[in-house]
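As structure tokens, the structure follows; a few thoughts come after it.
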Amino acid sequence: MLRSLCSRLEPQSLICAVTRGMSAYSPHYIEAIFSKKKQLNLKETDEYIKLSHLPIKAAKNDDSESIFYNELVNKMVNYITKGGNKKLARELLTKSFECMKRVQIERMNLNPESKDTIIADPEQLLIKAIENSRPLLQLTAIKRGGVKYQVPIPVTEKRSYFLAMKWLLEAAREKERKVHLPEKLAWEVLDAAYNQGRVVKRKNDLHRQCESNRAYAHYRWS
Amino acid sequence: MSLLTRLLERNLRNSGAGARRLYSNHAEEESSATKHEFADEEFRVLNLRSTSQATQQKRKVFKKEPVQPPRHQKMATDQDWSAVWPGPRTFQPSVVPLPLRQGYTEKGAPPPSKFANAELMKIPNFLHLTPPAIRQQCEALKKFCTPWPKGLETLENCEKRFPIEIKSTDYCHALPTIRNPEARRVTLNIKLSDLKFDAHAKDKFLRLVGDRYNPNTGILTIVADRCPLRKQNYDYAMYLLTACYHESFVTESWESSKSEADMEYYSFERNKSKQSAEAIINWGQPVEEAKKLNADHGFAQSVEQLINEGENVYNLGKYKEEVLKLLNISK
Amino acid sequence: MEVALRIGVNLLKINRVCVHSASRITDSYAKQIQLNRDFSTEVTVNAAPLAVKKHKVSKAMKAYLERARENDEFMKTQKLEYQIGKRHLANMMGEDAETFTQEDIDNAIAYLFPSGIFDKRARPLMKSPEEVFPARKAAEFDETGRPFHSMFYTGRPNFFKLLYDIVEEMNKIHDLEERMLRRGTRADANQKIDFTGFQWMPKEQLESMLVEQINDLEYTNFTNAMDRLVSLPFSYKCQNFIKKFSKPLLDQTKQLEIPKPQFDADGRQFVTTYECLRKTARGDVTVRMPGTGKITINGHDITYFEELQSREQVLFPLIFAGLLGKVDVEANVEGGGTSGQAGAIRWGIAMSLRSFVDQEMVESMRLAGLLQRDYRRRERKKFGQEGARRKYTWKKR
Amino acid sequence: MLGRHSFKLPRLTNMCVAYSTAAAEASVEQLYNRPKLTSTDYRTAENNTKQHSAVHEGKFYTLSPEQKKQLFSGGGLPRQYEQQIKTFTEACLMVRPTSLELLNYIRNTDFTRPVVRYVLYGENGVGKTLTMAHVLHYGLQNNFVLVHVPWVPNWMKRPKETVNATTQEGFIDLPFDAAAWLVHFKTQNANLLTQLQLKTSKDYVWTKREATPAGSTLLELVEHGIARIKFASETIAALLSELKQHANDDKCKIMVAIDGFNAFFHPETRILGDNKQRITPDRVTLTQPFLDITNYNWKNGVCVLTVDKIGMTEGYMDSYLPRYLLGKEGFEHLDPFVPLHVDNYSDKEFASCIQYYLDRNWIQKTPEGFDEQLKYLSNKNPYTLMRLTRSL
């Protein structure tokens, strides 16, 4: 009887057994929803009432409601960071933003009639560049019958953002010594925002390769 | 459900007809009964070499001294406690009729009781100062009290007549000795305004006492703790005050030969600022000593303030005003 | 049988019996005992001798009975001593013994024996014996050494019995569901148990209810089983059973008491939050309303923080509550680095702002994670490792 | 962020296009969210500094490109401000209350009295240099001979070349810096000097062969200094004493504007002497002439000086107040001077600055309450505001 009891309990307990790990919070704490907009969205659903009983983790020290905050930009800063020097990373991205903006404003000044079509907001430019350089597919090596095949597989949304940002950064870091990172990053972002440049090319190359290897796509499952 | 069965089971067992049991058969019961019979029999010892009983009994048995039961067991609950515990004394478990416990234990275990509990002896107790005892003693002391001196009714009067304030602390402490080393410390407070000085003496006095003077409250504080006894420390503090006061009136011979760099404070009169200010005022005038205009007193004061008190927005604003006035610049 | 007996003897030695007679139930303990009653077995000394007379009793049982009697006597003398002591103490303090309560006793003891020991439990005390000698699990087997409980040998009979009961309930509901399905009726959606705002009985409480120690995994098993039970469509049929093990959650915001603002010399409202902690920084924050948006940190303005991130952090609660420029903030902070100090001030401002915003905003701020203290600290470096987590590069040779 | 749809293998390129257009739409929405601007709120057409009054306070006026070139080609504006000018395609200065106050003082100056020294002080980035730029513009428009040193600490902290002085024993000469300053002086004053036709009062003998005879114009003197870099420092000394002389003779009006004046009273410079030790500024040949011209013993002039804590070397940057920065000697040298505090923006100035930035497309993101946030993040400090708006 005991055994049957255990077998009844076990499958679910395996799923639900939350390992707390090294977190300072108990497992039932949930992440903070610090954006007002998100909270308003939640309010429309009845999730909001349920949240009132749940303990919330403290907001991180880079979260804020300020005008400078953007989730994607924050992520980009984190990717730029080396050795924990976030202050520098943020400064670099800010400089790069400044550079982009100056370029765009100069463009605006050159032909004032196209003022409305030129995007000079660096944040929008960055978002656009990232969206433009996000891959949909990637290749992985899968071994079938002793032969490795390059099989195209879809990329998750999160990873596609990661790859886009990584590529942008790699392109920016690949430069002569005299050019500073912010400048190069600004150029790369501007290029990618206009759907050209090395990063977009890299993405397209990858897609082309995936296209040519579509014959192997079935190896993903069989 | 199981609870019910258990209750039922218990009831059956406790009732007179206990022979019938749930979940048991008779065979098992019988065997266990026989076992019990064996277990109950006395174990016979095989004594091969029979020694005499007398030698065995000779061994001296250690006998404990009979201990008196604790005294508090004989106490009446309406006794006069101050007669039992008249003065300060270390905790005595047999005298104190309270079931006290003290000490840290792991969860689940009771704290150690009062007997042979050193912790209870270490801490001070106020068993001699229970409210009834205090009341009693106050009553007894009342007849020796003298009236409060006239003229010292208010705090201001007290301060006026006794400007020196002496502070010392008595400690009631868990220590093996009753003499706390901190008890010898004597603190002397006096308002500087209660002492009479001239300008030089005051300056010197403040230099002598250093940071013992608090400019915000105007109170001088002398703390003496170098002697072993409080009395000595008190004498020493009073001596320090007297000595500093009289020393401050002494003017040394070298004080007259100080140069500008040695000066304690900035004085407009002695400095280049005065020269340049006066040169500007007298610009274009023929050089005549008698007719020479002197720099405004307000300006001099503002410069002195700026340098002596240190820069701040207020001082700088005042300086600016004075300069505008001096140079006759209109807004 | 012999093995079983031996285990029984051992258990007897471990579990000193405590007898719960009705007279001993004090007010403070009545509740707990009420809970315990379901699981702790009652053995009274009087009940045993009837059986003893007829049957031969094992030596272990004899010793056990002896000990039970001794304990009973001991408790009786303790109680007497306590009553007498209480009268003595009332006499010492010059008060009436009849109206002398436990609180008076505590005060009197604290006055007579002033102890500065940090741990309050280690200070002198005079408590009723019921509190001093905690209750323990009663005997679990009869005089022949036979356990009462069929799951005695699992080691935690009450706990496993509980699991068993849960499954039994589940089975009942499954059967019911089947029958209902055959009849073509479905579960009433309106009656479905809404478990939001409730949680399962915490582990400690469950332990004291079962009078057994259980480990974390077992507790998880319990909660999982209960979750399953609740998730069944007809779970409302065993509502009473579920209720027994559930505990209502308090509204998180209502748990924190919001301080009332005080008035300063200018007639402005202000609230001060002390002990604002983050990492190794520590500070206190005063928020004044109405204000002009002046921010003072250690006597400087917001330029005290050179980094933009830290400034953003300080302003975060103000922006969030829409009070930027409407309140004045004064903060003193020391220790830690810039980000820690900014975090401490952020928390302080958010906590103080609660007094100046409505309840909805407080809840909103809580959801934004502004009212939660951030307990995360730097993780220590471990020996044999390069840092907190990273290992040294391993080379085979 | 955009949602990700389920994907299909073909038609990849089409999808990318769809994403980018969606992103563009989002951005356009934000662009139209801007507040309406009326240029009279933050701009003034009054370019004549003489007319500037409290009416124009907090408004921007435009510096014509020629005048900008004449005044600041040799420095005098912060580098980042130059960059802004390039991006904005115009050079605009805000009329600050402090500069108005100072201009008022200068307008009412009695030029028969000894020269008054005005000392601008304030925290980092409040606009001391730009206030001075405004005053310099006034000087240019009102025919002052400008003796303008863009940034003294440049000489004391990073000189181009150091040489032991030939004429004065134990002194250090900075020939390149001196020559650069002479060029700056020339570009600022060439027109005015040719008008005034000031002549040297005595012979200057540089070497056996070279000499500037009495009666040659000051421009000649300056050009000699530029051509013969070796004598540039001595030329400056000569030039300044000549100018002072002429001013005393009522032949011209001089405006002395020295930025970072406290660098002359540094406890130490970064220049290394013979024995590899840091020397004090009074051993630099350039110091004395500029100290002479900031003395009170002449007339027909105005001295505008700034003291700045970033002009100091490490360990001497605790306070921005003039007495601290000038030290005892510097204070005695200048006393009595008029201290003028340059403060952070007022609310009005801040609003006008934000509007100007919006007008120049410098601020691209304008969500609700952005100005309020910027106000508190920057503490209304002009420089911090400029830095903060970089990424917006």
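Of note:
Letters are used for the chains, namely A, B, C and D, taken in the order the chains are written, and counting of residues starts over at 1 for each.
Throughout what follows, contacts are C-beta pairs under 8 Å (C-beta built on N, C-alpha and C of every residue); 3 or more make two chains touch, one makes a residue touch a chain.
None of the values given here were measured: they were computed from a predicted structure.
Under the contact definition stated at the top, the chains bordering both chain B and chain C are D. Ranked by separation of Cα centres from chain C, the top chain is D. Set side by side, the interfaces C-D and A-D show unequal numbers of C-beta pairs in contact, with more at A-D.
The geometric centre of chain A is 59 Å away from that of chain B, both derived from CA atoms.
Between the CA-based centres of chain C and chain D the separation comes to 67 Å, rounded to the whole angstrom. With centres defined as mean CA coordinates, chain D is found 44 Å away from chain A.
Note on chain placement: the centre of chain A and the centre of chain C lie 41 Å apart, centres being C-alpha means. Shown for chain D are the residues that touch two or more other chains, namely 369, 373, 377. For chain A, the set of residues that touch two or more other chains comprises 66, 68. In chain B, no residue touches two or more other chains. By the definition of touch given earlier, these chain pairs are in contact: A-C, A-D, B-C, B-D, C-D.
Residue ranges of chain A in contact with chain C, taken from their complex: 1-2, 5, 8-9, 12-13, 16-17, 22, 24-25, 31-34, 36, 39, 49-59, 61-66, 68-69, 86-87, 90. Listed in rising order, the residues of chain D touching chain B in the complex are 101, 104-105, 108-110, 112-114, 116, 296-297, 299, 319, 321-324, 331-332, 335-341. Per the touch definition, chain A reaches chain D in the complex via residues 66-68, 71-72, 93-95, 97-98, 101-102, 105-106, 108-109, 116, 119-124, 127-128, 131-132, 134, 136-137, 152, 154, 157, 160, 195, 207, 210-211, 214, 217. Every residue of chain D that touches chain C in the complex is listed here, in rising order: 369, 372-373, 375-377, 379, 381, 384, 388. Contact residues on chain C toward chain D in their complex (touch as defined above): 293, 295, 301-303, 308, 311-312, 315, 318-319, 324-325.
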